[in-house]
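So, here come the structures, one by one.
Heads up, the next two complexes both have chain A, just with different partners, chain B and then chain C.
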Partner chain A sequence: MEPLSWIDIILRLLAQLTPVWIALVATFTISITYKRRLGLYGKLFDSTIGMVGFALVMFWVYAAIFGAFDLIITHNALEQVSGMKNKPPGTPLSGAKEGEYAYYLLGGDNLARDVFSRMIKGSWVVVQIAPLATVFAFMVGITLGLPAGYYGGKLDTLLSFLANLILAFPVILLFYLLVTPEIVDTGIPSYMGAVMFIFPIAFVGILLNSRYHTQPAIRTPLLIGVLGVMFWLYLSLISESGTKLDVIPRWLDGFDIPGGILVVFVSVVFVNSPTVFRIVRGLAMDIKTRDYVAAAQTRGEGPWYIMLWEILPNARGPLIVDFCLRVGYTTILLGTLGFFGLGLPPESPDWGSTINEGRKLLSIYLHPALPPALALLSLVLGLNLLADGLREESLRD
Partner chain B sequence: MGMFILRRLGVMILTALCLTFIVFFLTNLQPNLEKLAKNQGNQRMTDEQVMSWLGNHGYLQSVPVKYGQWLGILPGFTRTLDSGKVTGRCIAEDADPTVKPRRFCGVLQGDWGLSTVFKEPVWDIVIKRLGLTGWLMLAVMCVMVPSALILGVMAGMREGSRLDRALSTISITSTATPEYVSGVIFIAIFASSAVGLKWFKGTATSAMDDITFANFTLPVVTIALYGIGYIARMTRASMAEVMTAQYIRTARLKGVTFGNIVLKHALRNALIAPFTVIMLQFPWLLNGVVITETLFNYKGFGWTLVQAAGNNDIELLLGVSVVSVFVVLVTQLISDIGYVYLNPRIRIA
Partner chain C sequence: MAKWDYDGPILEIDKLSISFFTRLREIPAVMDFSANVMPGEALGLVGESGCGKSTVALGVMQDLGVNGQIVGGTIKFKGRDISELTPEELRDVRGNEIAMIYQEPMASLNPAMRIGKQLMEVPMIHEGIDAKVAYQRALEVVTDVKLPDPERILNSFPHQLSGGQQQRIVIAMALMSKPSLLILDEPTTALDVTVEAAVVDLVKDLGKKYGTSMLFISHNLGLVLETCDRICVMYSGEAVERGSIDDVFNQMQHPYTQALFRSIPLPGADKNSRPLVAIPGNFPLPHERPPGCNFGPRCDYFVEGVCDTGNVMMEQISGDDRHVSRCRRIKEIDWHAPIAAAIRQEKAEIGEVVLKMKDLKKYYEVAASALFGGGSKKVVKANETLSFEARESETLAIVGESGCGKSTFAKVLMGLETATDGEILLDGNSIGDIPIEARDTATVSSVQMVFQNPFDTLNPSMTVGRQIIRALEIFKVGANESERRERMLVLLDMVKLPREFADRMPRQLSGGQKQRVGIARAFAGGARIVVADEPVSALDVSVQAAVTDLLMEIQRTEKTTLLFISHDLSIVRYLSDRVMVMYLGHVVEIGTTDQVFSPPYHPYTEALLSAVPIADTKIEKKRIVLEGEIPSAMNPPSGCPFQTRCGWKDQVPDGLCDREVPPMVTLAEGHQVKCHLSLEILHRMEPVIKIAAE
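What follows is the complex of A and B.
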């Protein structure tokens, strides 16, 4: 068979991404139709920049989800086909069997794997880890930042000192110190994870308790239910058989995080939370002087109720914007880890690892390194544009 | 002001001590030491031999004691061999046995240890590599700061205009391009034989001896690009705020030309915030330096960090961390002092 021309390759790529286009069009149609009823999310569709950013982000989210169900990808991301090593984009598959996709649309990498399928599979790694790690970083930052800003004093001095300590650490040095196999064996990252993953439980517990503690009939069953589930998730998350932290029996262990991912996750949360802490602390210090906080204090509300139900909702604008930016930054950090071959397994299709592998032959073969690089660029750009659009729209009212 | 600097210096020293202790603790964990013993001795050592090697070299003392020795506030580790010869941390292999060895030999005495990978004193390596990175940083600063400030001021002087939109999009894109992405794209376009432009070189190894336009441009632009966007956005925000101030309106009503307003009235006030941002960019630049030096194979400070960390070179890694932590803390201090100095509202209050 003849290799495909560039026009053919582009057409075939667009066709291969059909499910993503359908999902995108559906999302935009529904959102624009009901945008007046959707609050801040709906207002996003009034700004062109916000819409472009949202489209870029959702493109990768949908591509990742459909890719995880093997819908978009043309080949197995780990499968090596002989004769396809470093082949340029559009090369027909040598010895293609019935039912197999007959081309490597974006060529083969130096282990003869399909670059396009690896790029799509790689987006799934990012879309899973980056937002979740950012959520955890926000939980840690909010749970510590609110009291630091609200109470001030010694607590604030201590926590700020610790935050500055982590911030003064060069990120890459921290990664090298935490994510090497020897240190992982000692279990230190797992213990750090065990400490950090407590914060979401504490956050939700305090959040619900401060709201409903006057109505014990609702509060007690609610707390038992929610905290029970979260505690089980927590134990399943940190406990992994064969490592230092093997606390609950196998039958109770809901899921195992595959090797290295947990460590990567922990270090990314660790690097991000001090910055969130500083932002939340600043916002809390600003908002605690407002009249409605004084009113709540006069009413006799407890400090945690004021922090979580008076201050936090009023700080949501800057926090949402920072969340988008921070997901982008986390994506970059994940790429950095992959680029240095830290944490994730070497055959992992994530973008950082793929770029690292592709750069070695960059002066001869461009096609293995460029698609993941452009993919990462477009996702982070989308998140930044989204944050910009949200900031503009939230400032408007 | 004097009190302020003193307090900042105190916090800085405390931070430096904490950070170096953390690095020391992490690099001196048992598995790292075992690996070191096997690298230094031989790979087939039994567990017993490993432990005795570690004991002979003083690695089995408690971490605070080892840290004190490394720092130079506790007397160095010594040991008397069966033959009666005294060896230890402060005694070189070929030292003259009649000369009384020093009691203290740590970082404070200027004794940074020996790198196991490069077989050279750590201090010499660090100084040499820092010099190489210094040239890179100098070039980056010369490219980054002026272009970021020009971008930011142009965007911020007429907020919401078409020029502002275009320049803001450029700066957002540049903040979305980490070094390992822009570097790869630059090499692909300008240095690969596949595209065929070949304007620049894809490696900067030759720049270590002789900096030329061809071998130094790509690494410098790669590092600068990621920082430009951020500084430009800060400058733009600061400039846009200044342009709405009362005194700018007064100047306009007086009939001052727009160019004069921007250059003489607005610019100086708008540059206070970016100054802090530029100083605080150093920790980020350090990251960029590590990535870019690895990508372009420029054997500077960042490259050394990767080599030390990847090869479990404990003494070198400690030296590198001390220097990088020091750089970060000093730039923070300068940024704080500079901010107070530049902003009369804080200085007088």
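What follows is the complex of A and C.
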């Protein structure tokens, strides 16, 4: 068989991504039709920049989801096919069997795996970890930043000092330390995780209690239910047989997170939360001077109700924008971690690791490194444009 | 560049229409607006917020932003159409020929530049003169705006000056290039009353001295009366009446102007013979204006078929000088008919003493150096020996300028701070040193507060109903959710808001409606003492009357004790039973409303009364302009707190005022004054406000 021409390759790529296009068109049609009823999300569709950003982001989200269901990919991301090592894009598969896709659309890498399929599979890793890690960083930042800004004084000085300490520490060095086997063996990353993952529980617990403490009939069952489930998730998350933290029996342990990913997760949350902390602290200091906060104080509300129900909802604008930007930073951070070979297993298809592998033969074979690099670029660009669009639209009326 | 010489009117605005374009629709902000300003003349532009008065000013400056556009009519400045100027010519005109003074002085000064440099910039850019000449000019102008020690001022940064001084600098900056037209956009709204009076005096004098024409934008009719020659009243984007001050104030020919005058309290008038009449309804949104006359739906003289068709045009009033009005029924309305007598509400009987303050003191300790905490501590005496009583169903007004300690007092009463010394007795129980967390629900719910800024008083991300229900939950009212919801709807009825508002978000409400929700929330737990911190000062004139009436009506039915904090003496006179005047943490005068508003006065009360702008041409006021600024509470003057600004100080022998804080002197039953002046001198004082003989 003849190798494909570039036009053929592009046409076949577009055809392969059909499910993504359908999902994108559906999302946009529905959203634009009902945009007046959708609040800030709807306003996004008035800004070209915002729409472009949203489209880029959703492209990768859909690609990741469909890829995870093996819809888009042409080959198994880990499977090697003999004779396909470092082959250029569009090379036909040597000895393709019936039912197999007959081409490596974006060529093969130095272990003869399909670059296109690895890129799609890699997006799943990124789309899963980056937003989740950012959510955790926000939980930690908010739970500490609100009291720091609201109370001020010594508490603020102490917490801000700690935040500055973390921010002043070289990030890459920190990562290297956290993934060093000797340090992992001491259990420090697991303990850090155990501490950090407790913040969402504290956050939700305080949130519900401050809101419903006047009505014990609703409050008590609600808290028991929600906190019970969260606590079980928490224990399953941190407990892992064979490590230092093996706290609950196997039959109760819902799921296991591979140790490498947990470490990556912990480090990303750890370095992101001080910045979130500072933003939330600043916003809280501003909003606490408003009259509605004074009104809440004069009717005897507790401090946590004021922080979580009076201050936090009114700080949401800047926080949403920052969230989008921060998912972008985290994506790059994950790429960097992968590039240094930290955390994730070596055969992982995530973009950072793929770029690192492709780098070694960059002067001879460009094609294995380029697609994941472009993918990373477009996703982060999309997130930044989305943040810009949201910021612009939230200011207009 | 040379200034244009021109003999005709400085500014001619002819049938001007300005629209803003949003993503949904075109919003007409100004329609068919005409006005002329002659050389040396001051034109006042009056209207409620959103009526388009600032848009006119921005249109004259050609500074409408990306969304705004002039869609019809012309603006001629000295005979030249301003919209045809090139950007270069426009730059020459702005700041040189037309200068503008904004509301917030700090926002118009560059905080990183010395005052002198900012002033010198103006003539250096526009006239190309060198720095030395410019410095001389700056010195001269700063002297003209009556700032002490001009050289030191020129060498300081904006944050080192007080608000009043900053506004004087902004005025000085506007005068640096001797403009032909000065646009003042609410120049004194951010200032205290006594400072406002001084600034207004200054603007008037300077206008005469420099021969500058002025466009004075304000919502305060009294201020316009004091500063302007002619007035233009705007409503919902249109000029509704225009004429000389005399004609418009005494022979008004438009129902809106009349309604506006009837909704403001005049300190000279009796509250029973001249009740406040609120304008019914709400200001129409720009895209929901009615057909025909914009004021039609709220007008008492509305006639179907006459007022609601076509465009209503300006009509000349015969006999008056350039007096025009936009009303179809000018000739049919009897303009001199007396105000329909309001149903006289019987005032609830004043009951037992509910709240008693005994020698309340509140001091703050401030570390001299914030960074290291060490060093000597300074004590700020925010409240000094406050003593008074408040009874059931009584309105006690607390009057004073910013920094006088009235907010601190409110905080102590609410329990947000605890008293340094002295006692607060609520029904005989001391609550002065119990912080709010330690108070029981009954105490907390019976002392509540209504806040000043309607745009800040409600949480923007919670529905109106939810916020009231939350207050009910906290005050343990109602057994379950549905009972509380029912109670919330009753509260909405009480403040005369439609029940549908329960599910609205605060941003969908107007300022007056938000303030009503704030009142409903304060009364959620059956409050017995309500501290109202300037509850209407941020509202439009026509809404103020309605909210004030609402507060008084609720007071009648609930027998509430109202502590009304305000700096607006007109409204204080209208609604309060007793008045307490505060200055720098001290109570300087306390008594019934009649006692405080008539001589003998405390010298500070006298100055406050004279500073209030009154929108009535028949009233003669004694002018007392206070020199200097309010001293800082960190560093109060020795002896009497008011001695640095007092005009009567030389009447007290051997410098007693410098040495000793005066004792409280009882002048009559319940009337006390903190002053060293002898009784004889006090009784010789003349009333500040006099109604001229007709």
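Here is the rule we go by: the second predicted complex is superposed on the first by the 395 of 397 C-alpha atoms of A that agree within 3 Å, B and C clash if a C-alpha of one lies under 4 Å from a C-alpha of the other, contacts with A are read in each partner's own complex, and residues count from 1 in each chain.
We adopt the following convention: contacts are C-beta pairs under 8 Å (C-beta built on N, C-alpha and C of every residue); 3 or more make two chains touch, one makes a residue touch a chain.
Since the structure is predicted, the reported quantities are computational estimates derived from the model, not experimental observations.
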Dominant toucher of chain A (residue count), chain B or chain C
B
Applying the document's definition of touch, where does A:Leu366 land relative to chain B and chain C: first, second, both, or neither?
first
Let me test your reading of the model: by the given contact rule, A:Gly300 touches which partner, first (chain B), second (chain C), both or neither?
second
With both complexes overlaid on chain A, does A:Gly193 touch chain B (first), chain C (second), both or neither?
neither
Is A:Gly352 touching the first partner chain B, the second partner chain C, both, or neither of them?
first
After superposition on the shared chain, which partner residues are touched by A:Thr336: those of chain B (first), chain C (second), both, or neither?
first
Chain A residues touching chain C - in the complex, by the definition given at the top:
46, 214-215, 290-292, 294-295, 297-302, 309-310, 313-314, 316, 396-397
Looking at the complex, which residues from chain C come into contact with chain A?
22-23, 414-416, 436-437, 439, 441, 444-445, 448-449, 451-453, 456-462, 471, 473-476, 518, 521, 525
In the complex formed with chain B, which residues of chain A make contact?
49, 161, 164-165, 167-173, 176-178, 180, 182-183, 185-186, 188, 328, 332, 335-336, 339-340, 352, 355-356, 358-359, 362-366, 369-370, 373-374, 376-377, 380-381, 383-385, 388
Using the touch rule from the top, collect the residues of chain B that touch chain A in their complex.
11, 14-15, 18-19, 22-23, 26-27, 29-32, 35, 168-169, 172-173, 175-178, 180-181, 184-185, 187-188, 191-195, 202, 283, 286-287, 290-291, 294-295, 305-306, 309-310, 312, 320-321, 324-325, 328-329, 332
